[in-house]
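Okay, here's the structure, questions in a sec.
Chain IDs A, B, C, D, E and F follow the sequence of writing; residue 1 opens each chain.
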Amino acid sequence: MEMFNKYCFIGCEDNFEESKLVIFGAPFDGTCTFRPGSRFAPYKIRIDSYGLETYSPYFNRDLLDYKIHDAGDIDIPFGNTISTLKKIKDFSKTIINNNKKPLMIGGEHLVTLPVVEALYEKYSDLILLHFDAHTDLRDDYMGEVLSHSTVIKKIWNFLGDNRIFQFGIRSGLREEFEWAEKEGHTFINKFNYDKLKDVVNLIKDKPVYVTIDLDILDPSVFPGTGTPEPGGISFNDMINILKTIDSLNIIGADIVELAPDYDPTGVSTAVASKVLRELILILANKK
Amino acid sequence: MEMFNKYCFIGCEDNFEESKLVIFGAPFDGTCTFRPGSRFAPYKIRIDSYGLETYSPYFNRDLLDYKIHDAGDIDIPFGNTISTLKKIKDFSKTIINNNKKPLMIGGEHLVTLPVVEALYEKYSDLILLHFDAHTDLRDDYMGEVLSHSTVIKKIWNFLGDNRIFQFGIRSGLREEFEWAEKEGHTFINKFNYDKLKDVVNLIKDKPVYVTIDLDILDPSVFPGTGTPEPGGISFNDMINILKTIDSLNIIGADIVELAPDYDPTGVSTAVASKVLRELILILANKK
Amino acid sequence: MEMFNKYCFIGCEDNFEESKLVIFGAPFDGTCTFRPGSRFAPYKIRIDSYGLETYSPYFNRDLLDYKIHDAGDIDIPFGNTISTLKKIKDFSKTIINNNKKPLMIGGEHLVTLPVVEALYEKYSDLILLHFDAHTDLRDDYMGEVLSHSTVIKKIWNFLGDNRIFQFGIRSGLREEFEWAEKEGHTFINKFNYDKLKDVVNLIKDKPVYVTIDLDILDPSVFPGTGTPEPGGISFNDMINILKTIDSLNIIGADIVELAPDYDPTGVSTAVASKVLRELILILANKK
Amino acid sequence: MEMFNKYCFIGCEDNFEESKLVIFGAPFDGTCTFRPGSRFAPYKIRIDSYGLETYSPYFNRDLLDYKIHDAGDIDIPFGNTISTLKKIKDFSKTIINNNKKPLMIGGEHLVTLPVVEALYEKYSDLILLHFDAHTDLRDDYMGEVLSHSTVIKKIWNFLGDNRIFQFGIRSGLREEFEWAEKEGHTFINKFNYDKLKDVVNLIKDKPVYVTIDLDILDPSVFPGTGTPEPGGISFNDMINILKTIDSLNIIGADIVELAPDYDPTGVSTAVASKVLRELILILANKK
Amino acid sequence: MEMFNKYCFIGCEDNFEESKLVIFGAPFDGTCTFRPGSRFAPYKIRIDSYGLETYSPYFNRDLLDYKIHDAGDIDIPFGNTISTLKKIKDFSKTIINNNKKPLMIGGEHLVTLPVVEALYEKYSDLILLHFDAHTDLRDDYMGEVLSHSTVIKKIWNFLGDNRIFQFGIRSGLREEFEWAEKEGHTFINKFNYDKLKDVVNLIKDKPVYVTIDLDILDPSVFPGTGTPEPGGISFNDMINILKTIDSLNIIGADIVELAPDYDPTGVSTAVASKVLRELILILANKK
Amino acid sequence: MEMFNKYCFIGCEDNFEESKLVIFGAPFDGTCTFRPGSRFAPYKIRIDSYGLETYSPYFNRDLLDYKIHDAGDIDIPFGNTISTLKKIKDFSKTIINNNKKPLMIGGEHLVTLPVVEALYEKYSDLILLHFDAHTDLRDDYMGEVLSHSTVIKKIWNFLGDNRIFQFGIRSGLREEFEWAEKEGHTFINKFNYDKLKDVVNLIKDKPVYVTIDLDILDPSVFPGTGTPEPGGISFNDMINILKTIDSLNIIGADIVELAPDYDPTGVSTAVASKVLRELILILANKK
């Protein structure tokens, strides 16, 4: 009998041991300040991935050509941010210690913090490529230091200057822009990704982590997100970004901030699934 | 690590061999004449079942007390009705031949036909308990004999008179009611289930198949269906029905016609999931 | 060739001349104070009527047994209340002068006023049966005398005392209840229709107009309306009402206040369509 | 000029000092395990309250007859449960210490804990009347002791036996029911409120806090909630409950678990607003 | 009286005999593998066309300048693919044999097959211009040869090489691209329509059929479709395409794969209606 | 205690006297012919503005740097167009006579008429910059001269030739385009804003009123509007427009035609809020 009984991203049915790339979900949205719901992203992306093909005409690669494991989701203790982050970090270390690469599906942006912490223990020269509508450089949000609006600042705390490159940014406090731009702590490419090629040349020998807050996309393309911010890039821009970074030494990545219930058309999930497919094909294609 | 990586109904994670009850999905909606989408019911019921508890205070039973296998879904060749029905019948026979009971999640109502055919090969004295808003007794729909509006008539073709008991019926052609009531081919309890206890007494020694078209429920309770028909029963009525039939020798069952996308509140899926939980607890509790 | 090319309520395809009953739409919602959109009711009811059967098991009557004309919709000059009401009155008079009965699909409740005015010119002893959640007895709304919250008061202005019977009322100003109940200008059956049988006996020799504001139904049954008012009656209650008034000399009727876009499940339209089917079968069945 | 510039519940525009009843919102949903979004309830209830009248025909009372202050919402530090609860407790104490009664709009059910704590400091013989679909008696949820599924157990920790009366309960772990029923720690009226009158007689001399988890209502009436649980009570049942408790010495109350975005029809918010109106009319009517 | 009683596309109210262009609907979605619902496209396009003007500033032409007949919809026997296709082919031949041009509103893409078959009987040198996100060049889908994912391959079976030109294609199996591109059976312009002008020059003397699968548009523009595929063209690109092909000898056309219920904003239907208006103005403007 | 109790646009909490810019809402949609609901725009824009930052990286300005008063909404007498327009005009004059600038949130486009009338009494050389998808140049709509499709023609009646400049126009009657273009009564830049810089140079010494019908934006960006018209500009185009007009002597402005309920994603409201933020930063930045 042909029976359909899967709960993993299309074409990612290999087991942990044989795979070099491990996908997992972090369905946490506890610090989201505006519209929650990114907790539903991982399962929705997996279900709707069956509306995609495994073959990408953009990269002329096929998911079926690689060994990829989909590990399912971290079980989240809702209401406890610190314990959640610890669980994500622990699983990330399991992946890294087994010489595999992590590819995480958020959840909100704070989930990026523990993965980068885990990778930083192995790669002390780690570079962060950050695609987003928002700066995420606050010190705290209403007194809380762990928040999806502080996550990049928390990463800067240990990575330090000249390690973080931000693209597509079009929203933030005046103070955040000034801290980043005037004081030079991070590199911000406002509104678009004009400087991406230059940055890619600059960091081409370094281990790179890529975090994609999908709200970098214009809300017309991707309305299903917690804080829609008009004025973003198109899907074809996103493809251009992915082609541009394909040559880098990417040692981990994530996509975050899909809140699928806010888009009844299902298109936001289709967009996230397709970005994930291309991202898998970039990471899996590395030796 | 605690990881969440399941795609089966809550509490139904046992394997095929050890289970006496086998759940499977038949995500087919090809003959639906008004609003399609019951194909999405099986996966949605499984996902949202995690909003339920495994314990039922109605029956004081717990899913965790039984061995139950969720086999996943039949792979449907969309556009080919005959081939679809054959696949469902084949898998039903696999279940029956292994001395297990089938519990199917539709899909539209036509999927009931092959399961009943398969059971009839083993139980020649089979009784059909049919809960529905619609008669489903047409000979054909625009010339097509295989349709969700003809399914009970097709079953009558081999079961014959005095075997089919219909409850909650409130829509149909005048000719269908006359064929059933005046000519006495099936028993129709219009609008409600007043006669259910009498019928249960009548059939208590027979093998019984239970088919629940969820549109028997009032659309206020269950809007997510292809052909909503105002004037139906409440959820507590449905619980009463289930308690009333708990004593019968039920050898198979199904729930059909959830079309989850038509109910953005998700309540229709919650209703279907809870009916399924109670139905499992009835079937699994038999020796 | 079988082609489908209709824009009329199911089973109401007869021409004007041969029909004793004329259905028409009045897609006006200009004075609605909370949520507009009842303008979309007439077309939506027609389209979705094809999800119904023409046969009613409640009355054991079939639309195909009668001659019924669906005249389409009044063309509304949006923004001009007075001119809209005049158009409705003119068409109502055309129907009445041809010895036919009007059955109107609103639109908001103000559209009832011109139809009753037109009938009153012929039937000076007219009785109004009013089913609604709201009193609609204000003198004005923010200074405007023509409003869906003043319509029954405007009708009282010419009908006078002892002519208006209101059922299901559960919302209004304290002053409206006092005016009606203490001063005795209209009869109000609060919350339900307990007194309907008594009223039916009282008015059984009179010409009766029936106006059904569908928000008399509980919002669980009928959420697609401008001012949902929890605590209403069920669909089966509505069927009981219709059976109770079947014996009266009804010379016109309407259903108003469906705002279909507020109910994405489509159930509110299904409810309205079915109420309309039964109402047609009551009016068309008269000699 | 008449301008409309309000952000408070209809008819509750009096200032803090002159009011005996203080309404406030607690828009927190951080421990919700299934569907978040109750954070949006307070503002939505206020906005849609203008679709209601200030007069209640159920109680024959009018909001305009009383002095009521709407204080707005607690500013929530999302992601920090402990700090959130402290803020709610602090504001509750401000209300209580000024000899006023608190009436809170949740948020999820955990927000009830700090209000009851604050009242318990003043009323050591406090009784809790709990209306809900769920037991909420877990010790912890995945290790977290502060959760909307543990809230009543946390309150029991200081109130102790014979103080908590639960109605409408139809979901929970078998262990929770056994702890409450067999061991007698709380009183559970399963499925409905049959025993409410007896309980009212029993506690009529005590100070009473009333917490209404709106998911006690059937999801047909109230789909906009995090964990819809079919089989609940009707809106008219809720009115009966409120009339039954009107004679009690209620010293505070709340309504929780409206998640308005899950109900695009807006009806769930209309239901919550109307329950709140009647609750205000009960509390404000006390000397 | 002005009454509104139409069920045809705006400005297309002429009768069959006097019209050179005949519009009809084929509301079939039986082989759709992901999200059904394109059956609702024809009626929705007609209803919402009244939100458009009859005048196009793009072409400076007006629908009222031409004779156009809207024939309504083919009556579909749901569940029977072969009988459905035969009905479409029969009506297409009726149009063609009366020296008129067919303009079909789908339905899913498989409905294109019978129209092209009918035209091929008259035009043996027929060219197919195919605009789509998907290749549609499979031999079968799960064993079924008649499917919306095989339709172009089925047409190739009789048209043969050098007759089919595909634009906007961004999804398919690797094998489909290789069959088309490497073996040269069809011309594929991936992702966009860069080569359209060259192709127009190449085929300018031939009879051309134009099939527009509206999912060639980016899902931001057109989310209401069965298989949304991010990365498509804009609406203004579509206008450019239509202007580019205006000079060709187009002898028939269709638009397919609008599934309106998946887009609650109604924008997808507005897009389809406007594409159809321009397409009518192209075909009707030919001598 | 930190409490949140505001009902004004973010960062606009200054009082009337100290502010040079006054925001107010005109929630009227009475003449809308297709889809009503723009009445809900003002409150929704205010609520969702808290998802924005007060700082604009486009202009490097911050709302907190200016004194801005949000006066709330005009109380609308629904059903009476003339009385509504008078109220808007009266409040506009109050603003103007106090030497402040009006910035109105519609409502439908007809609300622009009374504001321009009020300003024209002070500025006889007033220029109108009009951004829209539609011409709005009809003389009447079904006989009604006051309509959102006649508003610019009504303004032309007193402003006269060479005063009105229209951009983005892509829909209208042939007669409207001919009246404007051939006879030269207004300047129409069809489809886009190519000529905006030239116009800005031309009018740089004049007092200018800016009216932005948000449906100038493509429906992919802004689906939540009464008459979505595919083929519009992007959000970044809108930013370019705003930067281009920043140098002008703008003495009043409005944004109209957001109908938020038609966009369940909330993105249309986010777009409107952000356009309003930038518009405030332009008007408030003038001396």
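One rule holds in what follows: a contact is a pair of C-beta atoms (placed from the backbone, for glycine too) under 8 Å apart; a residue touches a chain by one contact, two chains touch by 3 or more.
From a predicted model like this one, the values you see are computed outputs, not experimental measurements.
J.: Shared touching chains for chain D and chain F?
T.: A chain counts here if it touches both chain D and chain F, which gives A, C.
J.: Please give the intersection of the contact partners of chain C with those of chain F.
T.: For chain C paired with chain F, the chains in contact with each are D, E, in label order.
J.: Could you label the chain B-chain C interface same or different, taking same to mean over half of its residue numbers are used by both chains?
T.: The interface is built from different residue numbers on each side, given that under half of them are used by both copies.
J.: Among the chains here, which has the CA centroid at the largest distance from chain A's centroid?
T.: C
J.: Using CA atom averages as chain centres, what separation in Å is found between chain B and chain D?
T.: 38
J.: For chain D and chain E, let me know how many angstrom lie between their CA-based centres, rounded off.
T.: Spacing between the chain centres: roughly 55 Å.
J.: Taking the mean of the CA coordinates per chain, how far is chain C from chain E in Å?
T.: Chain C and chain E have C-alpha centres separated by 42 Å.
J.: Which positions in chain A touch two or more other chains at once?
T.: Within chain A, the residues that touch at least two other chains are 35, 75, 218, 220, 262, 264.
J.: Going by the touch definition at the top, which pairs of chains touch each other?
T.: Listed in label order, the chain pairs in contact are A-B, A-D, A-E, A-F, B-C, B-D, B-E, C-D, C-E, C-F, D-F, E-F.
J.: Which residues of chain F touch chain A once you look at their complex with the stated criterion?
T.: Interface residues on the chain F side: 50-53, 55, 57, 60, 62, 218, 220-221, 234-236, 239, 264-267, 270-271, 274.
J.: Which stretch or stretches of chain E touch chain A in the complex?
T.: Against chain A, the touching part of chain E is residues 34-35, 169-174, 177, 190-191, 218-220, 223-224, 227-231, 262-264.
J.: Report the residues of chain B in contact with chain A in the complex, numbered from low to high.
T.: Chain B residues touching chain A: 1-8, 24, 43, 47, 70-75, 87, 90-91, 94, 264.
J.: Please output the residues of chain C touching chain F within their complex, sorted ascending.
T.: Within the complex, chain C contacts chain F at residues 29-33, 35-37, 39, 75-81, 83, 110, 141-144, 146-147, 261-262.
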